[in-house]
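For reference, chains read A, B, C, D, E and F in written order, and residue numbers begin at 1 within each chain.
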Amino acid sequence: MTVNVKTLNDIIAPPGAAASALATEEYFVNMGPQHPIAHGSLRLVVRLDGETVREVIPVPGFVHRGIEKMAEHLSWRQLIHLTDRTDYLSALMNNWAVARTIEQAAGLATNDRIETVRTIVAELQRLQSHALWWGVLGMDLGAFTPFLYGFREREVISEIFEDTIGARLTMNYIQPGGLMYDIHPDFAQKTKRVLAYLKPKIDEYGTLLSGNVILQERLRNIGVLPAARAIALGCTGPVLRASGVPCDLRKVEPYGVYASAEFDVPVGSKGDCWDRYCVRIEEMRQSIRIVEQLIDHIPEGPHTTVKFGARIKVPEGIHYGQIETARGILGVTIVAGGKADAPYRLHFRSPNFNNLWAVTELARGWRIADIIAIQSTLDLVVPDIDR
Amino acid sequence: MARVKLTDTRKETRTLAGRPVPVVVTPRFARRGRLAVFADALASLLAGMRLTFGYLVRPSTVVTRQYPENRATLKLPARFRARLRLTLDEHGYQRCTACRLCERACPNASIRILTRPGALSKHELDRYIWRMDSCVFCNACVQSCPFGALEMTAEFEHAVFDRRLLIFTLNRYAGPPASVLLKEPDEAKRAAAMEPRDPYGGPVPLNGTDLPYLKALAVAPRPDPVRHAAAPAPGGQA
Amino acid sequence: MTGALAAFAAFGAAETATAWPVKTVAARAAEALPDNVWLAVLYMALALAGLGALVSGLGMGLIYLERKIAAHFQCRLGPMRVGPHGIFQTVADTFKLLFKEDIVPARADKALHVLAPFLAMTSTVLMLGVIPYSPVLQISDVNIGVLYITAVSGLGVMGILLGGWSSYNKWSLIGAMRGAAQIISYEVSATLALLVVVMFAGTLSLSGIVTSQAEGWWIWRAPVVGGIAFLIYLTASTAEINRTPFDIPEGESELTAGFHTEYSGLRFAFFFLAEFINMFVVAALTVTLFLGGWMPFHVGGANAFNAVMDLVPPGAWFLGKTALVVFVIMWFRWTFPRLRVDQLMRLEWKILLPIGFANLALGALAVLYSLYFFPGA
Amino acid sequence: MTALASGIERREKVNRPAVRVPAERLLEVAARLRDDPALAFDMLVDHAAIDWHAENRFELFYHLFSTAHGHALTLTAFVPRDAPVVPTVSRIWPVAEWQEREAYDLMGILYDEHPDLRRLFLEDDWQGFPLRKDYRDPDMLEFQK
Amino acid sequence: MMHDAALTVLFYAFGAFAILCALAVVNARRLLRAALALMFVLLASAGLYLLLGAEFLAGIQVLVYVGGIVILIVFAVMLTSASDLLEDHPSLGRMLAGAVASIGFLAFTGVVFARLELGPPAPGAHPPDDASAIGRKLLDFGAEGYVLPFELVSLLLLAAVIGGIVVARKTPPRHQPFTSGGDAPGEADIAMPRSQRDEPEGPHA
Amino acid sequence: MALIIDTLPGLAEKIPGGQVLVTSLDWLLNWSRANSLWPLSFGTKCCAIEMLMATGASHQDLSRFGAEVARNTPRQADVMVIAGAIVKKMAPRMRMLYEQMAEPRWVMATGSCAISGGPFMYNSYHIVRGADEVVPVDVYVPGCPPRPEAFFWGLLTLQRMIRRGETVRAPGVRRKPVLSALPQGIAVQDIRAEIHAALEAENVVDVENAAAASPWHGKLRQWMATNLYKP
């Protein structure tokens, strides 16, 4: 039995390929690792025929830091900070995914206040993440102004986080058994103010970008991902929902206080870039709806149920937990050895990792410019892919 | 305005995994005449231009905070984490007892506590070394401290030309904590026990590897690195 | 083919009697030449110096303006820290680029790489020379002005093509090919729109076209035709100067920086400057052709009204109108996303070109049957 | 689960339904899991490997999910450490192609008949598989609490 | 006086530049440089036309030859290959053949020029130099007019354009923007979620 | 332009008043460079959001410094803003980008990851512990990630450095503040008082004045004369 292991060169420059410059119509270009299209640092090797894409070979790993290996050396509490640095745009949701898995495994209980606050900050972050995505999509498609509008909204939400959490990006806020701090006294009031500010802004997005004929033509019918294919490729989150599958963990296996909140799952009908765009815009509205329902009813209680110094005992075994982040299902597999205050093995099922590979299918046959539309609507965060 | 309005959503209930899931189906494009499409296209462009123009002519929409100019009035959130400090009590004595809980809580060894035998106590703080260059500002040290000796402050202006300057000695003096000092009634003895420390004191490392104090932490390369031997070579191994 | 069309447009051209004292610098120099050679030389030197000052001043001014306007579109302030409100920002940028290392990639075609930015710049500067800024401020009034403009703007393409090709970089090459294809395509539409005005004015000379608008600007004097031609010209020339939404040759998110990816320092500055001055040229041409150039807003016969309008000097009219068009082009850029390359081509060949042809035919009919305002003038 | 043939047993200590299959029967079981309409595990949520160094074997786990029924299952299989070869399931779940590449890259699991078995994150000439417990890297600073 | 002297200097300058660039066209080893040199030849001859007072011709020369033909050549060169396209050193036979051909051509031109009588044009035979006169001639139906050749040429060009489109068109475009169609009905069916199917509930995790 | 900078000053200094000319040229050079720092966005990770995007966004507005012209091609960039972790796979690419930048070029390392490897300093097999192992870094902006304001502070620091920096008399020689210029042999503690004072004052060590006021004046002068302005 022989297993053939290849290298990238076998694909790009297979031995024996014609070396003649005049004989080839197709050529390779490198998008990335430092290319404006590569949000972060992803390398796309693109085989082109003129402007038409023949093949896309993603080469990740330019921010591979070995987080899974590092986690094996860190205690249950310490490894939370690593999750901030995978999908940094949904850091709180990542925190929550790991914290929740540890809580489930170790049998730690939380209270309603903790869960409500977690839900609120997670939804705020989803809003923030989508606002940023919207702006970056605009920039990718050549409109710089939406980028700044998107960031303007992000900044407004960041202010809430700065007050309560004390950080803008790498939160480390949701910890096993509780929260790092209790919410800031102004939290509810400020959040309501921000929501009131955001609602008309989302309509503005419609005027500026969504309604724009150029954007619509750049997105409509581009990169169609049928539902069956999306499932087979393991896509989750807005990408899967845009294909028409209402798969949202917040509904399918509700965590936090999502069960008590009333909201709809936005789904698309075709699975093209336009649907992915609309689903995210609609998700922003739904997030606002969720937060509005919860913000006035944060129950009283302590902000943590486990003392910081207390040792968390996770029983031996494989523990899997998952959460719906802004980009899809983040699954955390914890393999506990039983005794040590550290995981024996930690594995992240990152939503971006699976969504990335849809590029290879979606971009084929389109133009260079469409890769950008496709990649932008997949909303990839590269450090989450690389881990 | 355009061929599709984002608010034209349709509510439905679908089932997934045996549960009803209320969904909003996002809008698709309507079939329109060629001329209507053209008119819509123009209208959509104009609508966008109107929006941006509205921002241009309303200076009140400018949200920029002018940082270096607004330094005097800049108010940062109290919880913002940008610099670690050792707190002092009301007498100006440090609270840190050199118990090393923070050192243990730190996920990437950015804190190193050096102790020495003291005159008033068996064991007292010599240097509290904090590596700002590698700190992740996760607040674990502050949370772990049972004495409230640590705090994160929002000072953020620390840009330097040399990385070595990001390694601080946090304690103002080497010596026992307030709890011990206050037991000693003699002022002179107290003062003698407090040897001043400078933030930039001590030789500082460039790379994390050549800091003598930190050597104990870094279990540097094992004697026989098996990296090249044990792994099966990539390519055609059974 | 466009040349033949121009000939067609020139058909029926008549000497336009002008009430305005148009006197170009070249004309003064020619006048002075037999008597006083040095005066002629002085005139030419002044013209050249003026052109140089115009290029640098305009370039820096426009870049500063663009940055400020962009900033305010986006709820921010723009350059603030170099001089009051950052007015010296582009000065700093210019000197920085001047003192920066010029890199020619090792495998580049050195001669062409060096030449390309100058070609791009030359075509722009050549165009500045024939624009009538005011009745007395025009360097040379070529009697085939419109044809000259069309011909010279074609040279700029060579700059882009050679710059992209000589860089030995795939992104540059793709950008250059895109740019050339785009510019050549849109030139057709732009020319078609130009021809409408040439037909109405009955002259190819730019100052002739301006004076032909003494009774009213072509955009409204030639009822629908003028408006459509104006829109086509604005769109097509925005595409010709590679501005968003047509900035495909340097589409930042796709091609890193397009044809000038490998350019640095002074030579990059030339491309950069050429882009902005091109914007001015396009705006100035739009104004000259459709909005009356330096001609105040006149309504044929309404002499009292016209007299009031004449109080504002023609140079100010020209500047004001040009600034407006420049602003509109900037406005486009800071509002719209970028088109895809095939959509761009489709827009040109399937939408603008047919409309342009139909418009030209309509215009011909209008000229033939004098179906425009104040035909007697 | 009991309907499947022998050799398949319950994997204990997993917080969701889990079965262990012999590595050589992996493909057959996987195909059945996907195609059986009552099971219909159409999504491979996650796949990775655990290095049980002390026991000298790797454990591969496959988290499955059925979007039709909403049920989940974890499939695990042991492979010996010195010959970590398993059949690829990338023909059953296309996403496995990349998840397996990751497992190859970091853990050194070799997937038989994998269409494109390459390093994923690390450079092609990287030596060793870093997630293995006995991996040592001379550049790596280690500290253990 | 000054004027004429300046014109003479300019004439020789343009002429010399044209000849130099023409030499560069045949001698350049890179095709693209040759194309560029060709562009300068054409520009220099446009300059000569200007000196002769034929402004319209000069304009058309630049527009058509520089703006059209040269760019076409450059396009063709670039599309053939992205490499730097060095010409081979010609073989001896080719060089000989080239020498014979050019000497023959030179002799022929010499003979032709020797027979011509060069001198100032006759007063009546001056070609029309302003655009409107050219326009009139082009669209003149009379014996002096060129309307037939003009129309023939435009037909020819049209045929060439259509032929070019036919040759260049490879595949029909997949996506038609700016069309009236919405999403075709039934397309959404492809994306019918599997969860929509009525299937018995399975065991839960 | 190499001509202007390399040859001209030598000639100009000889003519009467040449000194003034060269000095004002120095001033112009450094002023224009300091005020026109076009960043090359080298963002790999979270810091990219804060350093390269949030700073440019409306609330912070990098364009106030004239630095919003983010170039995607290294040829046109002046300062490489390294935002995020550098791993072994990226390091050669980063070096290449740095080498493709046109002189004069500066590098800012922002955030713990770029400064030292930060969160991934230990136990990571793929991290490069500090961008300065790959490219020379001029300014370090600590934080994880730093606030956008902290980035501005870093930018101001860099600007101050540039203003005092280059001179046409010695092209290519960068005048850096004392600490960077210190040889490895001199322990920091030896001059910590001076450094401390200077840091308190404006976070920049003024080469001339700080050295002149210190007992280390002679030693430092000598060292600078031998090392810094070496032809």
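Note that a residue touches a chain if its C-beta (ideal position, glycine included) is under 8 Å from a C-beta of that chain, and two chains touch if they have at least 3 such contacts.
Please read all numbers here as calculations on a predicted model, not as lab measurements.
*Asks:* Weigh D-F against C-F on C-beta contact pairs and write down the one with more.
*Replies:* When C-F is set beside D-F, the one with more contacts is C-F.
*Asks:* Which chain has its C-alpha centroid at the greatest distance from the C-alpha centroid of chain C?
*Replies:* D
*Asks:* Would you identify the chain whose C-alpha centroid lies closest to the centroid of all protein C-alpha atoms displayed?
*Replies:* A
*Asks:* Look at all chain centres (mean of CA atoms) and spot the one farthest from the centre of chain B.
*Replies:* The most distant chain relative to chain B turns out to be E.
*Asks:* At what distance in angstrom does the C-alpha mean of chain C lie from that of chain A?
*Replies:* Computed from C-alpha means, the inter-chain centre distance equals 46 Å.
*Asks:* Counting in whole Å, what is the centre-to-centre distance of chain B and chain E, each centre being its mean C-alpha position?
*Replies:* 62
*Asks:* Would you mind pulling out the distance in Å between where the CA atoms of chain C average out and where those of chain E do?
*Replies:* 23
*Asks:* State, to the nearest whole Å, the distance from the C-alpha centre of chain A to the C-alpha centre of chain B.
*Replies:* Chain A and chain B have C-alpha centres separated by 21 Å.
*Asks:* By residue number and range, which residues of chain A touch two or more other chains?
*Replies:* In chain A, 1, 3-5, 27, 35-36, 61, 64, 66, 69, 73-74, 81-82, 145, 148-149, 152, 155, 170, 208-209, 212, 214, 217, 220, 228, 231, 245-247, 252, 267-270 touch at least two other chains.
*Asks:* Which parts of chain F, given as residue numbers and ranges, touch two or more other chains?
*Replies:* 57-59, 61, 64, 72, 89, 119-126, 129, 144, 147
*Asks:* Would you give the residues of chain E that are in contact with at least 2 other chains, written as numbers and ranges?
*Replies:* Chain E, residues with two or more chain partners: 82, 177-178, 183, 188, 193-195, 201-202, 204-205.
*Asks:* Which positions of chain A touch chain B when the two form their complex?
*Replies:* Interface residues on the chain A side: 1-5, 74, 77-82, 145, 152, 155, 159, 162-167, 170, 172, 180-181, 184, 204, 206-214, 216, 220, 242, 245-248, 251-252, 263-270, 274-275, 278-279, 281-282, 286, 308-309.
*Asks:* What residues on chain C touch chain A, complex-wise?
*Replies:* Those in contact with chain A are residues 70, 73-76, 170-171, 174, 244-245, 247-248, 251-256, 334-343.
*Asks:* Note which residues of chain B are touching chain C in the complex, please.
*Replies:* 45, 48-49, 51-53, 55-56, 59, 61-64, 66, 68
*Asks:* Within the complex, which stretch of chain D touches chain B?
*Replies:* The contact residues of chain D facing chain B are 66-71, 83, 85, 108, 110, 119, 124, 127-129, 132, 134-138, 141-145.
*Asks:* Would you mind writing out the residues of chain C in touch with chain B in their complex?
*Replies:* Result: residues 69, 72-77, 80-81, 331-332, 334-336 of chain C touch chain B.
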